[in-house]
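Shared chain: chain A. Partners: chain B in the first complex, chain C in the second.
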Partner chain A sequence: MIEVKSESWIPVKQVSFSQRLARFTGLQWLLLFVPFGYIFILMFFSMADFFKLSFFDEDGFTLEYISHIFSTDVYLKVLWLTLKISFLVTVFSLIFAYPLAYMLVSTKSNLWKKIIFSAVLIPFWISLLVRTFSWTILLRKNGVINTILLDLGIIDHPLELIYNTTGVVIAMTHILLPYMVLSLYSVMAGIDQRLLQAAQGMGARPWKAFIQVFFPLSIPGLLSGSLLVFVMGIGYFITPALLGGTNTTMISMLIESNINTTLNWHMASALALVLFVTTLILLFIPLLLTGKNPVLKELE
Partner chain B sequence: MVLGNSLSIVNASKYYKKFKAVDDVNLTVNQGEFLTILGPSGSGKTSLLKLIAGFEQLSNGSIILNDEDISKQKPYERQIGMLFQNYALFPHMTVFDNIAYPLRLRKTPKDEIKQKVESILKLVHLEQYGYRYPEQLSGGQQQRVALARAIVFNPPLLLLDEPLGALDKQLRKQMQLEIKHIQKQVGITTVSVTHDQEEALTMSDKICIMNHGRIEQIDTPENIYKHPKNRFVAEFIGEINLIKGSVVNVSEENVKVKFHDSLIADIERKKDSVKEMKDQSILIALRPENIQVAREQSHFQNTIRAQIIEIIYVGEAVNIKTVTETGEEITAKIPAHISDLPGRGKDILLGWNPKDASLIHDGTPLHYY
Partner chain C sequence: MTKTKIFMSVLMTILALIIAGCSSGASGGGGDKKDKDLVVVDWGGPYTDIHKKTVFEPFEKKYGVKVTVVTPPDVGKLKSMVESGNVEWDVVSVGDDFAIRGGREGLLEKLDFNVIKTDGLPKELVHDYAVPENVFSTVIAYNTDTFPKGEHPKNWTDVWDVKKFPGARGLYKDPMWTLEAALLADGVEPEKLYPLDVDRAFKKLDKIKDEVKVWWTAGAQPPEILATNEVPISSAWGGRITSARDGGAPVEVEFNQGLILSNSWAVPKGAPNKDLAMKFIAFSLEPKQQAALSMKYDNAPANANAVALLSDEVKNRLGLGQSSSQLDNQVYINTSWWVDNYVKVNERFQQWLLE
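And now, the complex of A and B:
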């Protein structure tokens, strides 16, 4: 005989608060909405408000400030210098970062990996101001570098390493280098090392395999790193302000002096707008470059 | 196409510190032959392949390809075609450029490249895909591109590293045959590494079974399956029943083996198998499909009584797990269409032919003797 047990007491399932909350659909959008609002509403509106000053003054709509930038030599010079410095910084950090990043992905020794990573990251964590000031100690006329070179008899007069473009480029390259290394590293780490083995197996010498296979595949990292460094470079303030001297004025310094010194907020806004639009244009370059190449497509 | 050449590996060893990854291996692959190196992970099969390709250097011994010792050469000097497990196709090149890559390295004239790549694309049935990028192809298509790239420059030797590991089962079966056909058509000497025994049995002319860096047996798939040389090979390939016994009598054709205290089995004596001696303890190796099941009487020469403990339906066949009076488990595999199967718990008679069993040494593999 089979005995059928009847269930006389069915437990009432306790519904917890979180379970009840889960029944509201669309609640997860809150998670998105809060940071979205934080980023866009706060930043976008304050920026729009600020940029409005470029086109509107007490007399109403005007293009005077914008056209003033493009018709004044000083402003154009500053703009040009800003682009030049950023370009040099990008090129130098690329030259230094590429071998470092390549070493990071290709070395089998964990110790070396750690050493390189710390060398790249530790400056990253030190305050920008401290790093910039330490560069003044190294670069100034009676600074460490000049003293050593003079003592060794390599040079007769101290080199002009600071308060000019050279100093700014040296220090900015150092400060922005980690961004380049990390951008390159993240892409290089995703390149299958077996591709190089495959190329060698087919008869390619190691350097040929590197140029024909590894390098083209690292281009996305190269592009994104360069873009990052360039865009950060054109808006840089502290380093050029401290190391640039009077002759090396970058656009951000001009904006600052218009706000704090001459109190011409309309001019500051117009300059900031030029900086902003330049940045936007630069950010769209990869979109134009992608074309059909499937490797570059990942950048989109 | 130029025919492939023969490959010999002589006394090859590879040590990593004290670990012997490859331990005194000798083997020869004849011209046009397809050899599969089969073994569990850590058996040294992949190390051996890397040594042949040149990605690792031998500690001892030599590798001879086409009468030339290549063991000191760099990978790019060896001219060996290799098919990688993950295909290793260059993602930034089209299918055409991928296949043309080894030709361009050899400075082949442009029109010859075009003609060669097109004819090999035809061989792998991908004529229409030359201008696609690897990521736009399915796994099987990528595999065929990789194969085409590995053989387009007429290398003397083709290496396959777990060639079908990344494909699903259906596709794998199809590709096994396709690769084999292409290999035969081109006539290239091929060494493949796999842990998939079905793949090894299907594709190879010869199988080399490795364990702990050593070769356990090299033979045709049929001989490996039917006459495993030792316990490791027997248990590694397919399913097998091993019954302990001892040799009672050795005659010209047969070996009489006593097992389960009183029962005697006749086993056909094979050339090339173990040296049987009287009173030697031995294992009778029996494939499940070679065992017949009967209720009362069996017309087979060798029989044993057992009780059914489990019946497992596997599609085309039924596995019948039984246990003998002495507690030994024996599995028989019979075609699924046999209808009146005895049920679980029933006593049955298991029978087999003298020629369907083989004898192997008990315990450790042969080379420890």
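And now, the complex of A and C:
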């Protein structure tokens, strides 16, 4: 009797705790529902609650705030500037990040990999405000960059690098670059380098192998990186405030002023809603355009 | 069938837990601590460090209470605290503009003037919901290498005069202060400034727009752009420039036609220790505490009775002049005009910047 009992216990003990847990029906749903509830309640619920302010004030339903945005030039102009600056930042960070990420996956030297990674990641951990102020030292009239260029005789007059769109785009590109590099790198690292060798073995020149094989395979990273940078760029506040000029007012500054200065939360909510909808529409367009890309289809 | 049931019950449990969590959070805060613990919300940095030594700690000793300092006074947060009935703050250091808006929106308690004595305070800045603790001004600031003291711009008209004082300019990226500066530059008498002639101000601003290189948004910017001569003349908050000057930067201020604003005390509606808050405000307005703060920080005392306690050197540093009447050549910002007109004027200002 005793022997039989001990025998029947052994297999049960061998089943690990997590496997035993997995036998409960519905438990795997719990794993899904905890984060889902977290996101849904904390984010969408509060967002909906905030957006409600755009349409409802003390007197009930109103379109006053939304229509005010569309009937006053300044808001649409600022929205346009916001999108323009974010777009420029996305393009420039893509131009700088792509070669960096490519270098990261193609280089055999561990030392280079470490150098590139630290160059990308160390600034990432430094406070945004500190980095923004450091740019003023580099970019101003008698700053580092202008002094070097003047001393080398490349320019006669200091370049206008700060307190305008140029300064904002330079600094924001630098700040958002790590997101682009890491997105590209994560996808590029998964591309089988032997495909390139195969293409070259079959007679393709290196650049053709790159354009026809490597580049299309890297598009998912390119898209996710661009979306990340663009969406983060839209919400930027400190950098354009400190490095910008007359033409760099971004919509988050107007939202902040409505929240914290005039306490007009209805207007802040309406502005945030317009920005949110515009972003959704803009994100939808590339999704439609790239729907035919075979690499992306495969991902679905 | 059973799967769906389990699923639903799990979901309901989570929902119930979340809802329960929310409500238990709201009913926190002990009753026995009442009027023993005061939460003061302040601006942080060196200002708060000096504030602690000169006001908060003496108050703790005198009343045997504990002052907890929270930074910064985010008025958006104050609004949501009051609206959700979850007020954790007792006294908040705010701009006078917020005090008026907050009072109108029902976010603030009326101050108890039986406890708080207002003699010596500028009547322009005292109202039902706030009293000024100290004042600071937006002044003309300049680089002393480009314009040695004595040959510097002495009023806003000089600031606008790019022939006499060549070089780029810096102005605050906000209509408040900037419109006043434009009107004073255009020759409007300080007493006749309000209500502001907005059209005239924008016309005057048009004349200098091309010369304004930096539209600053943070108080730390003017000392930096002036010291590096990025712009030789800028509007600035006085204390920022005098502390840069004392640190060796080639910058100086002209207090003439400075535009005065206050750091005021306000009490959020439903503050847990309202009575102690009133006592705290009264204490901070006593000449002794007022003078102690201004000896160490570049804001002038709001209480004129404190000026007599300051040394000549400090008076000079604060732009108080040698006369005992406070801030002779400066102008009080009419915050209630701004509260009524800010939204419209700011929209026009932002639009004007983009043109």
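We adopt the following convention: the second predicted complex is superposed on the first by the 242 of 300 C-alpha atoms of A that agree within 3 Å, B and C clash if a C-alpha of one lies under 4 Å from a C-alpha of the other, contacts with A are read in each partner's own complex, and residues count from 1 in each chain.
In this section, contacts are C-beta pairs under 8 Å (C-beta built on N, C-alpha and C of every residue); 3 or more make two chains touch, one makes a residue touch a chain.
In this text, all values refer to a predicted model and were calculated from it rather than measured experimentally.
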Q. Which holds for A:265: it touches chain B only (first), chain C only (second), both, or neither?
A. second
Q: Could you look at A:213 and tell me whether it touches chain B, chain C, both or neither (first, second, both, neither)?
A: first
Q.
Once chain A of both complexes is superposed, is A:153 in touch with chain B (first), chain C (second), both, or neither?
A. neither
(Q) In the overlaid three-chain picture, which partner chain does A:30 touch, first (chain B) or second (chain C), both, or neither? (A) second
**Q.** Superposition-derived comparison: chain B or chain C, residues of chain A touched
**A.** C
Q) Is A:245 contacted by the first partner chain B, the second partner chain C, both or neither? A) second
Q) chain B touches which residues of chain A in the complex? A) 192, 194-195, 197-206, 208, 212-213, 216-217, 293-295
(Q) Considering only the defined contacts, which chain A positions touch chain C in the complex? (A) 25-26, 29-30, 33-34, 37, 41, 72-74, 77-78, 81, 136, 140-143, 163, 241-242, 244-247, 249, 254, 257, 259-265
Q. For the complex, which residues does chain C have touching chain A?
A. 2-3, 6-7, 10-11, 14-15, 18, 74-76, 79, 97-98, 101-102, 105, 173, 209, 212-215, 217-218, 221, 224-225, 228-230, 342-343, 346-347, 350-351, 353-354
Q: Would you mind writing out the residues of chain B in touch with chain A in their complex?
A: 53-55, 74-76, 78-82, 84, 86, 88, 90-92, 101-102, 105-106, 133, 135-136, 149-150, 153
